[in-house]
Structure formats: structure tokens, C-alpha cells
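Multiple structures follow.
Shared between the two complexes below is subunit A, which has subunit B as its partner in the first and subunit C in the second.
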Partner chain A sequence: MSVKVEASHDGIPHNKVMAIGAVISLVSLYIAIIGTVIGVDYLAFFGGIAAVGALIWGNSTIKKLCSYGIGTGVPSAGMLAFGSGLIALLFASALAGFSIWIVPVAALVIALIVGLFLGWISNSVLNMKIPVMTRSIAELAAVGALALMGLGVVATGTVSFTGIATIEILGVSVYNASYLGAGVIAVSFMLGAIALQHPFNACLGPGEKQDRTNMLAIECGFLSMIIMAVISFVFVSLAAAWISFVVAIIGWAVSYVKYVALSKRDAAAWLDAKPFSDKEE
Partner chain B sequence: MSAIAAKPGANAGSFQPIPSVIAIVIAIILVVVAYFLGSSGILAGGAQFVLQTFCLIILGAALIAFGVHFVPVGGAPAAMGQAPGIATGVAMLATGAGLAGLFGGAWAAELGLGVALASGAIGGALMMAITCLMVNISYVFGMGIPAASGKVLKDPITGDLQAAYKSQGTEGHGLPFISYVGGVIGGLFGGLGGTLIYIQLLDFYNVGLPALGFVGAADINMLSVGLAGIFAIGMFLVIAVLSAYNITGTIEGPHDPKFKRFPRAIVAAILASAVCGLVAMLVVALF
Partner chain C sequence: MQEIIIGIGVTALAGALAAVAGAAEDTESNIGSQGDPNSQVQLAPQMGYTHRIYNKAVSGEPPAYTLWVTLACGVAWAFLMLGVNAILAIIFGTVLATFVQGVYATTAYLGRTASLSKFGQPVFIDVVKSVTTVTMAHAFVAIFATVTVCYLMMTVIGHPFALPLLGIVWGLALGAAGSATGNPYYGKERQYQNQKFGAGVPISASGNIVRYAEAGQRSSIDNGFFTAKFGGPASGICFGLIVFFELWRTIIFEDFLAGWGAVIVGALIIVVFMIIDRYVEVWARKNYGPYTVEA
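For the complex of A and B:
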């Protein structure tokens, strides 16, 4: 089973990508939390940066795991990551009752613990016998928790359980229209899971290049952030929502242009087909 | 058989006694931990209620893991008409069936446990029945291939011969009767398990959230519904993907030799749901 097929020779080793992604994600989440603590919500767009950071990390992990041929396709890894990450994230956000500062680190640690259990189950009980399985699934759970938290911050501007479970409508706090009560978290769940599983699934093959796959991960992250920014018009102030929206659009446009350029670089040949030729009248 | 399909080792299907025993022991320890969290008042509702919720969550997860093995999954080879089954991955199919059942059960949650579980099971089974029917219609009338299994000579239910209809160089194609029946049974178990997890978590949060201080608004039930729903989806996906890892790719249905691997997946589901379920219940813990 554990026949490793090297997807590509990475320019940047996995551990370095992991460190970069985790640091981007945690620092951005803490900047967003500073905004919550001092009472402004226009730092909510840092949640999107956190999600992108986590997705870069997760993308590298998926590449490492799926180079072993797990037999169920790349998308299943994304679903497992967000299924376990979600559970860790909501528990961590409930810990905001102690202090809001511990939430991102708590989500990371709890997700790693849950992921270690799931990884051990897949590797030992289910007898997958893949050397990187335990570590990869633990990492993926952490990625799921951080990315989901980042998308939640874009939408609601906060990470605390009370913040995502209630919404003020005309001065009355209600539950049924909140991020949790209205099920908006299911939207961010799917947006994050697809953004995590898509890049390597789309780029895998003999011509896979690390920078191109990472650029696609960034592009998918910002694409998900656009939709969360649109949703955030309900939850945060108008200025904050516009800032998130503009940042997401700019980030997506820049990464998309770069991704197309990288795709053209790696393609054997391309043809800029046009419906009508300019020369013919 | 392609090089990729030949990759799994010879012992990939064997039961692993020592890790399985360790997994069961850890799961029992977690059940005891849940009991003490209930009796010490950290989890609201009393020890008996917490224990019942936790055990039924684990039962639901085991039902999901068992049900996933019935679903005929073809993957990419089925899309090219070279293997029997529905042409997508285990995780996607199980999610479709389970979530259809879960939503069906959630609608009926206020009519009592029995009605909710029945409608959840029927919802999942109905979704799989429609999917299997449409898959066969597109195979037979769209691609022009008959349904034939590559794993058995005769259909175990109808007794129809399979080999005469199987094209050379393929492992069978289409969706034979036994696979159809397997798909419906799989949807039944998946919907039942998903709904069981949802209903238990819903009852638990309805007790736990007011104890945590979420009072003052009349719509606390809506928050419980949102929380229980998203947790049920998350746990369902975890169990479905772990079962998919157990199957390693494709399965034809209950007559496939890979079906015999299901005890392993149930052990895995018991531990995974114990870990995830405990964390999910701790969300409303009173520290």
C-alpha cells in the first residue's frame, strides 16, 4: 500500500511551508482578536488572511499525504480535515469564556489531539500503513480548525462562542439569525473544505509544480473569502464588510492573474482563442 | 487490473487485533470520563442522561460505518464503464445519503424519536434508491452497457448469471440488482445513524445551553438545532471518510469480498465518534 509516488520535487520543504502557513494564520487571527478586544470590527478581513495561510499549509500536507495513493481520492482528505476541525473549533470558541486570547491556540491544540486519534485509527486500526498518515491527519484537522475560524472571523468579526451564537437585531439579541443558529457555518464549512481539497486535486500529475499549486490554494482561499465577505454584511458594520469585500476581491484578482501566468509557464503550448479574428472584417 | 489498483498489500484487508483492542479500551475510558463529567455536574442533565447521549452517538456512528459498506461505489473506473457501481467516491455518496436522511429526520424531530429515526432512515434510503435508478438509466440508455457484476458468478438475490454480460477487460459494469439493494440498505443505515446522532445532540444542547446561561430569548431551540446539525454533519463526514479508507476505493455492495472488512470500520467509528462526541458535548460544559 505504501508505495510513494513523488508528486514533484518541492522547492520549499514541507516543514517550512507548514511553519509559514501556521504563523500567517495565527498572527492574522490574533490581529483580528485585537480588533474584537478594542471594539472595532474593521480588522475582520484578517480572518481571510488567516484562512489563506492555513490553506497553504493544508495544501502542502494534502500533497504529502496523497502522494501515497490513499485510494479514496483527494477530496475525502479535505472533508475529513474540516469535519474534525469543526468539532475542535467550536469547543475552542466555547473556551472564550475564560479568555478570548486562548481561542486560536486552543483550537490548534485540540484539533491536533483529535487529529492524532483519527490518524492513529486510520493507520493502525484500519491498517493503511502509510508512514505520514498520523501526522498528516493531525495537521489537516488543525488546518480545518484554523481555516474555519478565519472564515468565521471574516463573517462575524469575532471568535467567541457568544459572538457567533448571537446577533443583535434592533437592540434585541436573538439566536436564530446568528452565524451558528442560522447555519451560516455550514456555508463556511463547505467553502473551506472545497478550497482545501481543490488545489492539489486540480494540479496533480507529472507536471505538478509547488508554486503553481500554492498559488491556486491562495486563489481558492480568497474566492471563499469573497463569499464570506458578502455574508458579513449581515453581521458586522458596513465599513468592515466593505473592507473585507475589497480585500478579498483584490487578493483573488492578483492571485488569479498570477495563477494563469504560472499555468501558461508550465503548459507545453497554449492558444489564445478568440471568437472573431481582429484582422478579418 | 491497473498498477494503482494492484498497489494495496495482501494483508490490507486483515483485521488488526491489538490496535482494535486498544481502540475499544480507549473508547470505554472516554465513556467513563463522560459519565463522571455528567455526575460531577460539568455536563448538564445528570450522569444518566449524559451517558445515554454519549452511547447513542457511538451507536449512530457504528450504524453509519456499517451502512457505508453497503453502498456500491465505483469511482473513476465506473465513470468509464469499466467497473460496477456509482461513479463517484465513498465520501461523496455516503455524505449524500446520510445528509438527505439527516435532513429528513431533522424535519420530524419534534414528532418523537421513533418517527424521526424512521423518516431519517427512509430519507437516506430514498435518496440512494433514486440515485441508483438514475445511474442505471444513464448506464443502460446513455452508455449502452448492461448491468453485470465482476465479483460473483450469480446475483445472490435473483440468481441471474453475470459472466455472460460482462465485457472483456472490465471488472463488470452498470449497477446489478444486488448492488441496487445494497445501496438502498446503505442509505437506510446511514440516514438512521446520522439522525440518531443529530437527535441526541439536539436533546443534549436543549438541556445544556440554558444551563450555560443562554437564556432570555425564546429561540434557544434554534441555536441547538444549528449546533447539533453542524456537529452531526462534521461527525458524519469523519466516520464516512474513515470507512472509505477501510474500503480503499471501490466496492460493489454486500457481495463484494471487501464487505467482510466492516468490523474494522465499526471499531474505528466507535473510537472516532467517542473522541469527536466527547469534544462536541464539552462545548456546553460548565467549567
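For the complex of A and C:
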């Protein structure tokens, strides 16, 4: 049985952060899908916004889960989230053959089911007995699926399985050079998994503040989006790739500057090449 | 025959590149205190020891290097698809990966240090400026060499995996080699010079890390000087041997027993290394340990 240790008092309760993150993520994915349906791909950058929304939610979940003292488990939580989210993503994207509109919601639901199952195994079968474990792992799986889908949309402009598993080269459908076939999804996986665990891992300590950690989550999301935007030059039109790239750069730069300012606000002192003195001396 | 000769040449080249990558990786992570001494770096201010050591906690080295190498491979693949020259594509990928590494390093340092404000640990901007650039330079070398190994495997040897997937495999292997081999040669010995050799870290000495040095107050940039002599080469040999033996056994023995030849030779190599490891362990115990009471 683990004992709960409060990391910091939050201004915004977890459920509210979760709702905000989920809404940002789903709405952005649907805006991107509208683009696919009307046949333009320059709305692909909304995938990056979806990933940012999912990361804000996931970061709050990790903070809640890790208040039960699983310090070294923070990076593992990111990997677990994206591993289980990947199953949901592939399953849901295959449903696009039925209707593209159900893909984001289907990914969310399937991920929650996969996560609940994994959470139940870790809590009851492996006997970890952390009260929020089952719910947190279900949430993390959903976050993983949404963030992975968002980064995939930035790269390919679509959420359908045919869109991510094939690419048209000289009029021929090729699997080997597609988002899945060339393993680009591995890049999304790693970018997302590290971005998910980094904000809380980097800000942990008695002086952790919710707004600073959230700002870092936003920064990590846009940083991941920069890379996907560069890769997207292969898959989407030149205009769409440039829009994603510029949006990502601006989003990253603004959030990075704000994060540095918040760190300066919270730091004990901000010294440039000055010697330190010991407290006890 | 010519194929085998080219294969052996590539194997040797890949092994050499991997040795460089391993040495640079370990130096990078030790300058940034990303390896296992990081928990002590985090703990030190709480025990009253403010310090100037870089506190870079992106994650464990294996996941972190998996990210840098995978994304460099992914970006390199994208530029190759766009028709860019291979060397330039690898460089573009590595530059972007190094940029991401630098951003993660600074946010980790600022975040963790700011969260320790209660204990009076200041944020040292000069440490951020000097140490981050040095770790980025080492990360560039490590990532570039590893992505080149992946590219050689894909093009010359014809590995069936796509470039980003090779990146995931070899990035993870690189981080694991640096973490498992490099750190025992460095961290505790350099950072805990206040402690008697072999004493481990008793609870009473938690956070009592080395904070002063001959040239003013120390930043962890000097750990590079120490690591470059011991931990770096050890990691380099480790990762170089992993890459070399992996390719060598495949190229030479893949045609035997329908592919099983390479598997059997792989198992034999593991057995030989287990025997060598056991011998070294017993030899080291006889000569340096156990830590008995002094006569």
C-alpha cells in the first residue's frame, strides 16, 4: 500500500485540467478532419494543437499518479501510455473505412478500455495497490492515443489507416515509404512519450508549480510538432507543411520564453557567474 | 566474395563509428549529470549543499537517446525522400535532434532547480550557457555517428528495418551502453570524492557531492575531463563491440543453416563474453575487494 504525498497544491483541479485537455484535443482533431473531408491539408497543423491538449491532460495525470511515490516510474509512464495508445490508434484508424468522423472518439474509447484493463492488471494482479492506478493508466492510454493521432495528423494530414499506411509515388500506392511503413510512427512515439513524462519529471520537487509545469507541457508539445512538421514535407503539400512548421516554431518560442520567465519567478536566485555560499557556513 | 569484403569493411567502419558514439554519449550524459548520480545532485540542496552541478533529468539515458537518434533518423529519412544528399540529410537530422536535446536539457535544469527554491539553490545562468553547449556538442557527435551506422546498415548491408526503426534499436542500445558501462567508471568516483573509495553512499553522506575544485567553484563541465579518460572509452568499446559483433556474425554466418548460423554464433559470442566477464570479476574481487576491515 503506497502513501500519498502531495507534490503541490494546484490552482486548477485535475478533473478540470482533464476536461480542458480532452476538449482541446478532440476539437482540434475534428477541425483537422474537416480539412481532410473537404480535401485541403493545410489544417494539418491542428494535429499539433491536439497533441498539446492531450499532453496538458496527461501531465496532470502523471502528477496525480506519481504523488504516490513512484519517482523512477515517471519516464516509464510515458512509454506505457504511448504503447497502449498505439494499439487504440491503429484499431481506430482502421475504422476510417466505415466513417472518418468516428476515428478520434473511437481511439479515445478503445484506449480507455485498453488502459482500464492494463490498470486493473497492475493494480490487482501485480498487486501495486495504488488507489488512482486503474483510472490513471486508462487516462494515460487515452492521452497516448490522442497525442499520437495528433502528431500523425501533422505529418500526414489524415487519420485514416489508408492515409498513414500508403503513399502515392508516381501514381502507385506504396507501403514502404508511408508513415507506418517507413517507421515514421516510431518518431511520433518517442517524441510523444518523452514529451508526456518530461514536464512533471523536470519540475518535480517541493517548489513545483502547476502553471510552470503546464507551460512546459505546452513547450514540449510544440517542440515535438516542429519535428513532425519537418517530416511532413514528404507527405503533405508544401503550403501545409510550411504552415505547420511556422505555427510550431511560434508556439514553441512563445511557450519557451514564458517557461523561462516562470522559472525565474520561482527560483531562489537567478545568478550569472556569481559564486554561491553555503547555508551552513 | 566481393559482397562479403564490402560487408566486412562496413562492419569495421560501423564498429569504429559506434566506438566514437559511445565515448561521446557517456561524456555528454556525465557532463549533464544525466546518469545515476543525478538523484544525489537533486538531493544535495535539500541536505544543505548548494552546488553548481548541472541537473539534467530528461529521463534515463536509454529512452533519451532513443528519442534523439530516432528523430534524427526520421528527419534524415524525410530529407532523403526529398532528394537531399545522404550526408547532408544525416547532418540535418542530427542538427534538429541536437536542438531538441539542448531544449530538453535547459528546461530540465531550470525546472528542477526552480523547484528547489525552498532550499536556497540558485539557478546559475552561466552554468546553463557553458554546460548546455558542451553537452550539445557531444550529443551531436554521438547522434551523428549512430545515425550513420543506421544508414550504413540500411543501404549497404540491406537491413530490412526502416531507418527510424533502426534508430529506435540503436539509440536504445547506445543509451544502455553508456548508462551501464560508462557510469560505474565515472559518477560515483568523481562526484563522491568526499567519500572513501568503495564506501558507497551511506545515508549520512547523501547529497555530499564534490562542489569545489582547484579553479574556483566547480560546474560539472569538468566532469567531461574525467569521463573522457575512463567512462567514455569504456562505453565506446562496449557500444563498438555490440555493433561490430552484431554485424559481423550476420554478414559471415547468415548463409549457414538457413540463417540459424548467425543465431548460433551470436549465442556463442554471448557465452564467450560471459566467461570473460566472470574471469574479470573474480580477478577484480581478488585484487581489490571485498572491503574488509583494515589490518
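Things to note:
Heads up, the rule we're going with is that the second predicted complex is superposed on the first by the 268 of 281 C-alpha atoms of A that agree within 3 Å, B and C clash if a C-alpha of one lies under 4 Å from a C-alpha of the other, contacts with A are read in each partner's own complex, and residues count from 1 in each chain.
The rule is short, and it goes like this: a contact is a pair of C-beta atoms (placed from the backbone, for glycine too) under 8 Å apart; a residue touches a chain by one contact, two chains touch by 3 or more.
Note that the coordinates shown come from a computational prediction; the quantities given were computed from them, not determined experimentally.
After overlaying the two complexes on the shared chain, residue contacts for A:T134 are found with neither subunit B nor subunit C. Applying the stated contact rule after C-alpha superposition, one finds that A:L223 touches subunit C and leaves subunit B untouched.
In the superposition on chain A, no contact is made by A:S160 with either subunit B or subunit C.
Of the two partner chains, subunit B is the only one that A:V114 touches; subunit C does not reach it. Contact with both subunit B and subunit C is seen for A:M79 once the two complexes are overlaid on the shared chain. In the superposition on chain A, A:A269 contacts subunit C only, with no contact to subunit B. Legend: residue contacts after superposition of the two complexes on their common chain; A:G181 is shown touching both subunit B and subunit C.
Of the two partner chains placed by the overlay, only subunit C lies in contact with A:H198; subunit B stays clear of it. Taken together, the two complexes place residues 75, 79, 176, 181-183, 186 of subunit A in contact with subunit B and also with subunit C. Against subunit A, in their complex, subunit B makes its touches with residues 4, 7-9, 11-12, 14, 16, 19-20, 22-23, 26, 75, 89-92, 95, 214, 216-217, 219-220, 222-223, 225-227, 229-231, 233-238, 240-242, 244-249, 264-265, 267-268, 271-272, 275-276, 279-280, 282-285, 287.
Note for the complex: subunit A touches subunit B at residues 1, 3, 69-73, 75-77, 79-80, 82-84, 86-88, 90-91, 94, 97-98, 110, 114, 117-118, 120-122, 124-129, 161, 165, 172-176, 178, 180-183, 185-186, 189. Only residues 42, 48-52, 57-60, 63-64, 66-67, 70-71, 73-75, 77-78, 81-82, 96, 100, 103-104, 107-108, 110-126, 161-165, 167-168, 216-217 of subunit C touch subunit A when the two sit together in their complex. Within the complex formed with subunit C, the subunit A residues making contact are 74-75, 78-79, 176-177, 181-184, 186-187, 190-191, 193-194, 197-199, 201-208, 212-213, 216, 219-220, 223, 226-227, 230-231, 233-234, 256, 259-260, 262-264, 266-273, 275-280.
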